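Two complexes are shown next, each including chain A; its partner changes from chain B in the first to chain C in the second.
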Partner chain A sequence: MVALIPWSVWIIFLPLLTGIFAFLFRGRGAQLGIVTAVGLLPPLIGLTWQVLSCGPQHYSVGGWGAPLGIDLYADGLSIIMLVMTALVGIGTTFYATGYYSPTGETKEKNHQQDPALFWSLWLLLWAALNCLFLSADVFNLYVALEFLGLSAVALVALAGGPSAVAAAMRYLLVSLLGSLSYLLGVALLYFAHGTLSLGLLAESVTSSPASFAATTLMTAGLVMKTALFPLHFWLPPAHANAPAPVSAVLSALVVKASFYLLLRLWFQVFTNTVTPSVALLLGILGVAAIFWGSVQALMAQRLKLLVAYSTVAQLGYIFLVFPLAQGKGTGFSAWCGGLYFILSHACAKAAAFLAAGTVLYGFGHDRIDELAGITQRLPVTMFAFGVAGVSLIGLPPSGGFIGKWLLLNAALAGGQWWWAIVIIIGGLLAAAYVFRFFSRAFSYVEQVPICRDVPWSMELTALALGLSAMALGIIATQPLAVMQIGAPLAGPVLTGGLP
Partner chain B sequence: MRLFSAKLIIIVLLVALAGLIAWAILSLPFNGPSLRAQVFANIGHSGVSNPVTAVLLNFRGYDTLLEIVVLFLAVLGAWSLGMVQLPGPPYPAGLFLSALLRILLPAMVLTAGYLLWAGAHAPGGAFQAGAVLGGAGILLLLTEVRFASAIVSWPLRTLLSAGVLVFTGVALGSMFLGGRLLEYPRHWAGILILVIETAATLSIGVILTVLFIGGRPSEADRTLSVKSTGKRKDK
Partner chain C sequence: MSLDFWLPLMIVLSSLVPGILIFCLPEDRIGLRTAANLVGATAKLLLTAVMIWGVFHGHVYETRLPLLPGMDLVLSADALSVLFATLSAILWFLTTLYAIAYLEASPQSRSRFFGFFSLCVSSTVGFALAGNLITFVMFYEMLTLSTYPLVVHRGSPESMRAGKIYLAYTLSGGAVLLIAVAWLKALVGPLDFTEGGMLVAFAGLYRHEFIVIFALLIAGLGVKAALVPLHGWLPVAMVAPAPVSALLHAVAVVKAGAFGIVRVVYDIYGIEFAAKLGVLGPLAAVASFTIVYGSLRALNQDGLKKRLAYSTVSQVSYIALGAAVLGPVATIGGLVHLVHQGLMKITLFFCAGNLAETLGIHYISEMDGVGRRMPSTMAAFTLGALGMIGVPPLAGFISKWYLGAGGLAAGQDWIILVLAASSLLNAGYFLPIIYRAWFKEPRGPWPEDNYGGWLETHWMLLLPALITALLALAAGLLADSPFSPLQWARLIAAREYGL
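Now for the complex of A and B:
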């Protein structure tokens, strides 16, 4: 009986409904947020169990079935993304209950935002992410992309003030350009193959001019939305100016959504049209992103900007999956490494942004040079930032370490050692920008800056997310087993010297 | 000099992209594969006879549901920019405009109703009807601010979300009745599509009107509008 329940429907519609209710019943947002966070757990566990025991799950909406209707689809990749969304989502929800609590609203200028709108937009964004990770139809994925993009833009604008509105405007234009480019690719695909279903397209796409153009357009659009260097220009202002819980969600989840779609398309649909040289190009851009993002993070004057540039750098690593998957026998290792990196980066980056948001909330600014000694005021938050930093650098036993380790092994086993050098230098650069902030924050000063009271929920959620990034390094077997289900690449998981 | 070279790179890339798309389109067969045959084979079970409506509200109803959510989100996006004063003249609208509106408004509402009804068998449907209704709303807003400020609170929020809520209700309701998500019970399909489209028409009309305001209408305006003269329009 439990096996027949369409859990995916609930995973999509619960946050959708609570998001609309948060708009209708202003002032009930926090309760609805908690209802969503708790209520999503049973369907998620149910779906994970179905996928683990029976393999990938299909569900045809309306009973028509592809190609006439739309199918929902869940495999290991979807589960990983949904669980990542839930982890960060639950953390952000509890953080926001403190951030938008009535006591917080009256004191500071950065809390003039409308909490009811935040809750509504955030829950709808959650629904959009779940829609995207469960869809198996290229046009439905376009609608989900627009759904996601619009809610993300509105959340950035919610911070108020000229810089946030300017960042939101730029984000909106980039987001629209990205999804329109994707849509053009969808139109070409439909015209050439007469279907929109991912599964049927995978069977019929051959290396024809139309599929080549569609590959180019869709990849370009999604790469723009994922903010790969040099198309990252919109990300730092948008992520740094948003309210704290929004920054966390944007950096941890929203950019990963378009990358997820890129993975699906490249490894399941466009297997005949993508060439090693295009994969190499994406890898080189990824390397540029790692260096450029890290250097900018090193020079950033504000903490939130530092964390945002760190996202630019970390997104570079996941693009190394494309060239590394081309190596003989290393495909599955690169696939797992990339996914593990995405998962642990989501937890670590959400923790870092939430902690940075707490600093901004407590001290009223986030200028790094004036943050000396803040650990004396916010020890829990700074510990959370520290734990997150360990995973961002990629030190064992964090999840970031496992991700980098798998990518390193894929690079060395596939004879592409040059990527390994980049991964190692990238880790050192990450250590440099993380410690640059720590050297200020953890220093001892006599005159500690004044800090207003911070709700405990804000401090503890950042810590919980940081610790889950750490836990991912310890329980690596289960996530790796999930990643295997329905994976487009086969092969051994190259763990090398890892115990 | 640097700007020039950046522009040049962008122009070269765009020309290359245009060439690629042109090449792809020219290579496509004139009568390529499509789902036309499948749509017409199943239209008898869809509850409507207009193929566009059958695709939008039945075969791919899930897409349309999400699209209405996207429209709803557009309002939330505009509202996240902050509060605005309701637009409109601070003085009573001119005699000519008011008189014209009295003739136009009923006709527009009637047209919207016709488009909504016609959608089942001919071109039309919720989006077209909602657009007409939105036009009527904007005209009303430009002349009778009192109408807008009277419903600015929860009635407005209910109208904005009605389309999504009714659509979701029907989608989940048909699942509870033993079908799948959005699998309407066979004999009720026509009626249910009309119910969804009616709610969607209302919401789309109100959404378009509210977007014209360009921000969240301040509820404090209610007191302000009481002072303005002019007859109250029933709605």
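Now for the complex of A and C:
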């Protein structure tokens, strides 16, 4: 009986409702945020338990299933994404209660940030993310994607000021263009196959011209939204100018949402229309992203911009999944590596952005050259940034290490050693930009000017997220077991041994 | 799931847990911090003693935790790991005492220092107990990270620069090591350390791959082991506080590299298989070159710590040389030097720290007549220096004797020449220091005595130096008694060669 409870509906509707309430009852945002964070845990645990014990879950909303109604679907991939969202979401929510606390007014005097707007937009964005990870038809996915994009753009604009508004405007245009391209693909698919359900499309999509066109359009739109080099230009300003909790959510979750959709489509729907050469192209662009993003991060003058460019670089890694999954017998290794990378990057990047936000909050600026000695004033935050940095570099013990190890394994065991070299060099570049900051932060100065005290909730949430990224390096077997449920690829997690 | 299972993990945790506690302590809780340090250090000593007793009585200690499917985190106690773990437990205890006194008046955060200090020791004992190459690499990288904040502890521009160089070298080395290990893992599967070598089972396969991987492994490990031309970071890193330099040169970083080379040669490749592949000759050549080159560079250094650093470059390569010569006698020489060099070099660094801390002496040219002002310190220094030169009956003599005899036994007579040249050079750079300190007139009055009474310096600075000097003496004098380092080395060699 317990197995029949439609947890997925709760997971979508709880943040949706609290988001609307946060708009209606201004000033209650923080409480509603905490209610959502805590309230999402039981349904999430319930759904995870269902998937773990009974395999992938289908649910038809209102009893109207495919091809007409709305279907919800949860497999291991969905669970990983939902848990990731919950981890980062809970962290960000607690951080925001400190960031937007009544005593701590925002430091930039020329504009006021509205906490009520933040809370309602953030909760709606959370609902959109959950909806995206649970939807089972391409149109519903479009709705979730659009909803997600619009709330994200509004959140960026929340920071106010000319640079944030310009960044938000650019983000809006890219987001709309991406969705439009995706929507065109959806339309083509519907005309060609008469259905929108992922499951039915997977059976009917063959290598026809319409399917090719749909594949191209949808891939292009999603790649743009995921900010793959050279379509990343909108990301650094948007992520660096947003308020700290927003930056964390954008970098850790929002870009992953469109990538999730790309994974779903490539590995479950378009298996007949994608070609190795396109996969190779995505991989090469990923390599370019790793190098370009890292070099820009090395040259960034501001801490938040550094972290934002680091996202561009790290997103490059996950695109290596496409060519690596083509390797013989190593597809599943690459799949797990990519997912593990996404998961640990989410925790680490959220921690890094929250820590950078704390620096900005405490010191009133985040110019790296003027941050000498901040470990003396914000040791906890700096420790959180360091731990997150370890995962971003991919050093053990951290989730980033496990992700990279799996990708390395896929590259070396699949006979595509050149990707392994890129992965290793990318790690060294990441070390260079992380420690460029630390060589300022560890410098000793007599007096460190701090503008105002930082609420402990901000310091501790960043630390908790950083430590979760590290914990992922130790408890890898459990997430990997979840990833196997309903995975489109099969095989051993790690290959190697006697031939 | 008994004591036999958990003991290795408990030994690692005995310094990790105090480390985490110390991070959480406020700066002014000096008593509690000291207590945490000493309780941890004592617990580690006791647990290690239990382990020695157990290994002697035939217990098998192995902690095996799944990290990934087909990849375990293994901590186990074989003769070699017990040897090194004991060394690190003893030296950690003494260095902790020393560091507490040394940093008494430091303006920088001591919570941070002792926190990372404990992490550093946890990683040291972790790589000592590692039961496979992957666990080794994990702790090896943890060591890099936990040492960085110690190297830059002072926060001065000079130490920040040293930290940068240290990281550039060690992280690049780590990257090379990682790619080699991932490659080997993809070829042969689990990389458990096996007495006699695990690759022996694959003899006849992948010959060229194994040769290239060996070169990569040695290049990666050689950075920390300071093999020329990868030694550049070591003389720079001596700007760290004296207890850090002491630990770095005696048990932690350089030894991690040397220990790794020993593990790779004996327990991964197996010395006989490595000899068949023809990879030992180049390793012996590089090690010999390093021995002579390091000594030559030490000759003309005026900075006391810098001279000691170049001496380390030279002395640590004795271990690699011992590993590169086929035959049990050379093996014993290399392994026993792992301990002997640690005891002697930590004595020298403790003494250098005492001179700097008590009299402000940093250069050899300032040491005229210092033996009269600090007779105990200089007596300890003299013992350490004479041991390094290889004067019987000190520890260094035993190492050199076995290395030389091993070279002759293997028909590689040129090793005697290398050893003779190195000993001459050792005498050339250590004897002038001893001469100055004991036989020259002081140049002027010494700074005022702050310690009162009859002691020449703080007792916690003096005692560790005296103990390690006596240990170095005992290791040579009592080399033939049971439980001496030499006896352990004989036991290990007997097992490696299946005697």
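Criterion: the second predicted complex is superposed on the first by the 488 of 499 C-alpha atoms of A that agree within 3 Å, B and C clash if a C-alpha of one lies under 4 Å from a C-alpha of the other, contacts with A are read in each partner's own complex, and residues count from 1 in each chain.
What we mean here is this: a contact is a pair of C-beta atoms (placed from the backbone, for glycine too) under 8 Å apart; a residue touches a chain by one contact, two chains touch by 3 or more.
Worth saying up front: this structure is predicted, and the values here are computed from it rather than measured.
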Partner chain in contact with A:Ala420 - chain B first, chain C second, else both or neither: second
Chain B versus chain C as contact partner of A:Pro492, first or second or both or neither: second
First, second, both or neither for A:Phe291, with chain B first and chain C second: neither
Which of chain B and chain C A:Gly194 touches, first, second, both or neither: first
Partner chain(s) touched by A:Leu184 [first = chain B, second = chain C, both, neither]: first
First (chain B), second (chain C), both or neither touched by A:Val143: first
Contacts of A:Tyr444 with chain B and chain C, given as first, second, both or neither: second
Chain A-facing residues of chain B, complex: 17, 20-21, 23-25, 27-28, 32-35, 38-39, 42, 58-63, 66-67, 69-70, 72-74, 76-77, 79-82, 154, 157-158, 160-161, 164-165, 168, 171-172, 175, 179-184, 216
Interfacial residue positions of chain A with respect to chain B in the complex: 6, 9, 13, 16-17, 20, 23-24, 26, 59-64, 67-70, 114, 117, 120-121, 124, 127, 131, 139-140, 143-144, 146-147, 150-151, 153-155, 157-158, 160, 165, 184, 188, 190-195, 208-210, 212-214, 216-217
Touch list for chain C against partner chain A, complex: 23, 66-71, 107-109, 111-112, 137-138, 141-142, 144-145, 148-149, 152, 154-157, 160, 163-164, 167, 171-172, 174-175, 178-179, 182-183, 185-190, 205
Residues of chain A touching chain C in the complex: 373, 375-376, 379, 383, 390, 393, 395-397, 401-402, 405-406, 408-409, 412-413, 417, 420-421, 424-425, 427-428, 431, 435, 438-439, 442-445, 474, 476-477, 480, 492-499
